[in-house]
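Shown next, in structure tokens, is the structure this report addresses.
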Amino acid sequence: MPYFDHSDNDVKEMLKYLGKNKVEELFFSIPQELVIKTPPIITGPLSEQELLSSIEDTLEDATTYKEIFRGAGAYRHFIPAAVDEISSRQEYYTAYTPYQPEVSQGSLQTMFEYQTMMSELTGLPVANASMYDGASATAEAALMAWHFNRRNKVIISGGVHPEYLTVLNTYLKNTGIKIEMLPLKEGTVDLQKLSAIDMSDVSSVIIQNPNFLGFLEKMKDIKKQSGNAVLIYVTNETHSLAVLQTPAEAGASICCGDAQSFGQPLAFGGPYLGFITCSEEFLHLLPGRIIGATYDHHGKRAFVMALAAREQHIRRERATSNICSNHAMSAVRAAVYLSLLGTDGLKSAALLSVKRAHELKEALSTLKNVEFIEKDKPFFNEFSAKLKINDRVFSESLQKHSILGPLELSRFNSSFKNYYLFTATEMNGRAGTELLVEAVKEASL
Amino acid sequence: MNPNVNEKLIFEMSKKGRSGSFIPECTDTSCIPSEYLRDKPPKLPSVPENEVVRHFVRLSMLNHGVDKGTYPLGSCTMKYNPKVNEKAARFKAFSNLHPYQDEDSVQGILKILYELGEDLQAISGMDGITLQPAAGAHGELTGILMCRAFHTSNGNPRVKILVPDSSHGTNPATAAMCGYKVQTLKSNNSGTIDIDTLNKNMDEDVAALMITNPNTLGIFENEISDISEIVHRKGGLLYYDGANMNAIMGYMRPGDTGFDMVHFNLHKTFSTPHGTGGPGAGPVAVKKHIIPFLPYPTVNSTGDRYFFDYSNRQTSIGKMRAFYGNFLVLLRAYLYIRANGYSGLKRTSELAVLNANYLKKKISHNFTAPSSRDTFHEFVLSAQNIKKETGVNTLDISKRILDFGIHAPTIYFPLIVKEALMVEPTETETKENLDFYAEIMEKIIAEARSNPEELHKAPHKTPVSRPDEVRANRRPILKALSLPEKED
Amino acid sequence: MQNYLYTKDHEWTLQEGNRARVGISDFAQEELGDIAYVELPEIGTKVKQGDTVCSIDSLKSSSEIFAPFTGTIVEINEKLKKEENCEIINKDPLGEGWIFVIEMEDPNELDALMNEEEYKKMTEEE
């Protein structure tokens, strides 16, 4: 057994102390007919050397790209070296949920600082210590709203990430809550259609901003048309929070989504960082851990998990959620990331991403085989376009230059054939942009 | 660091113009019409890199972790996190993969996911698996949603879920999220499921029985074959909460003992770091009849090519999250399983059970035991006797343990045991560590008799003493109150 | 002396004409520990005897409060909306720490409740 073993003598002594001859005797309460007769076959044991070399072999079958123009809820932003350094500290990653605050002040204060930052970014006063990911956080936010007003209808914008919508459907399937889709019009929320909806039985209106196609939504106008339904602001490009009107300014009372952009690597989709922030009236419905400040018996500032009576281990079947372990380590990374960048650094990363995306769009607009969806609507760091290209030629030339190109939207909806979602961040240089534009041009039909 | 002085909040260290340089400066907002912009910039800290690093390093040092000392938190399986897994998880090649890359460009990754799935199925004796769930509770939710989809496909979703009174709080919370009523089964005197009670409550309204085996008292439900027969005879499903899987690897497979679904806690049994509360991973393995309901996509193979399989889309419960799963967590578990092989996993359970039994015998004479039955990888004792005799309760004892560089046990759980202490040493503690733990316990019990006041005030040597939790709840302060204004 | 009547769920009621004031017993507050949150019902809510009216959280527990009678909630203790005031339930459960007032449809339901002595006997047996 790697990593750890007892000496034979220790085992013997321990067994003797227990009055047993063999370790197997400790398992005698498993009925004999249930005990495994033929061990199943799995690979191993491997030595550390073999393990590493096997994983390095496997990695040869995984392509990483120099330039990534793909986002759609997973963004490659620059991650300062100190983020990896801090999150590699065993003091953080080998600890668990801070059940004993006296020996967990490090985790607790870090999460308290993270909550403060998320509250500051979204403008909403309450933040929890993390959720799993943006999609499940959105589903849990809809459940919060439902527990709040017990109305049985959710309006969700067609501009919300399609996978988030699928997850919402999965979570809400057995609650009796009806999900009504509000299709986009010309790339953004159809305000007229929204205004025609009778809001008296609507629990929440869920809007993603910037939306899945990259466009900015007129959040204040949406709020006006949402009556007294709970406005849930979803974002999965949290860099936008540094620049755009805050969810609170827009009138949202819950903000949720994925803060992967705050220092989490792409990592093939996880772990990321689900988050929820909300106004005070939702405090006792907020799922997950919440860290609060208090004093210890000597009057020293101390942090604890607060309002635990909301949670499953106390409230059991009456809890609004079953969440227990969350993505605390991702929150630690986000706290370090945001502390390092500060306001100016985060704004720079956000605005550079915006700039790169606009430069890319500008460059593409000179091509005849590119047709933008809504040429003039404001967008953040993503935009969509219809490309008239030979797919094979396009992908070969991208491959040649180690570029991960834009995302084909037909992946989510077959009626979007030939439509692509382009993404840029501060990581995309001018040279990469030129190569991508060249590839689109070369592949022209 | 002066132990009497607080580590400042990062915001309290902030001064204008102190930020580091990580990204080329950009202040150009001209691409976005002004009505879309926020009124004021957010007040994030402005602190130079070296001070940020020192701040978080100092904070981290206030934590107790597995790498620092024994962490026998019952039900959480706080075992050693192998460093080779950390190294691999930080390979740049893994961090830079986009989830929407074409399958052809990530064959090696899909291979890892596929093989991990195969391994977990082999270990549990099941036929299909999803790797999507991000935690054990998320896995439970996936499982019970599938249970509901299964019954619905047979014409009736049924109305309730049975759980024993010793169950984890996540079980009833999960059932409620899936629209089920929860019925709690009273355990018998030996702490296991009472067959008569089960028989009385098991009818065709019951969708599933959720249990852990061994249960939360560490006792094996040895009547599991009867339990399975009773549940299945009425058309119910049997759900295995894998929180206690560390006890039985190599000896028993849930799939061979009648379970229809199993969730794993990779951060417990398979050594992925607990990360101060996640991310973990909670894959769910199922028997053939549940496969149609698995979240899509699953990972499949044609033999020489790996791919995402969407073929059950029509019957599936849908998706539990965006993308496919917590890949970097799954990777670590994959490596752990291969480093151990089946023989290593079996040895893991053997030593986990040996350690728990050894420690139990060493300390149990001080307490009362809720059951006389043999226990496996963890055990529960009650300090009710100490409380009656000295006034010192479980909380006091667990706080005093912290003074000796050891983490406290899980306390006041399971709910059916008064003044409960739930201890799970795991396999990765030496005999010396266990002897030390026992020695500490003797000392603390002696103190309870000689100087109970000291215990009420414990701990004494930790970075803070007992925080005022009443205040934290009655006057909740959930963020830094006044942030320094950013000067422009 | 005021005539407190008790339910088996450790709630007290005090009749005020066709209305009754409701709170939790001293025994209950002692068992629950420091109360930190009360999820109050809305005024005008109609309830049937035995329905869950609201819930009450201490640091380590959460309990439901059941309607002792069928009727309508006509008053709630506004003070309890603030977490910091919840200590009045611990300090003065039978007075300042009342939770809501219910207008009874059938005051005969009062007859089924326990008087102080009977309730005391019940808690001693628990």
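Per-chain residue numbering starts at 1, and chain names A, B and C are given in the order in which the chains are listed.
As a working rule, a contact is a pair of C-beta atoms (placed from the backbone, for glycine too) under 8 Å apart; a residue touches a chain by one contact, two chains touch by 3 or more.
Quick caveat: nothing in here was measured; it's all calculated off a predicted structure.
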{"item": "Chain at maximum distance from chain C, centres defined as averaged CA atoms", "value": "A"}
{"item": "Identity of the most central chain, Cα criterion", "value": "B"}
{"item": "Between chain A and chain C, centroid-to-centroid distance (C-alpha), Å", "value": "43"}
{"item": "Intercentroid distance (Cα basis), chain C paired with chain B, Å", "value": "37"}
{"item": "Between chain A and chain B, centroid-to-centroid distance (C-alpha), Å", "value": "20"}
{"item": "Junction residues of chain C - those touching two or more other chains", "value": "36-37, 59-60"}
{"item": "Of all residues in chain B, the ones touching two or more other chains", "value": "469, 473, 476"}
{"item": "Where chain A touches two or more other chains, by residue", "value": "307, 309, 314-315, 318"}
{"item": "Complex interface listing, chain C residues touching chain A", "value": "36-37, 39, 55, 57-62, 64"}
{"item": "Parts of chain A lying in touch with chain C, wherever the complex brings them together", "value": "284, 307-310, 314-315, 318"}
{"item": "Of chain C, residues touching chain B in the complex", "value": "34, 36-37, 59-60, 83-84, 86-87"}
{"item": "Parts of chain B lying in touch with chain C, wherever the complex brings them together", "value": "412, 469-470, 473-476"}
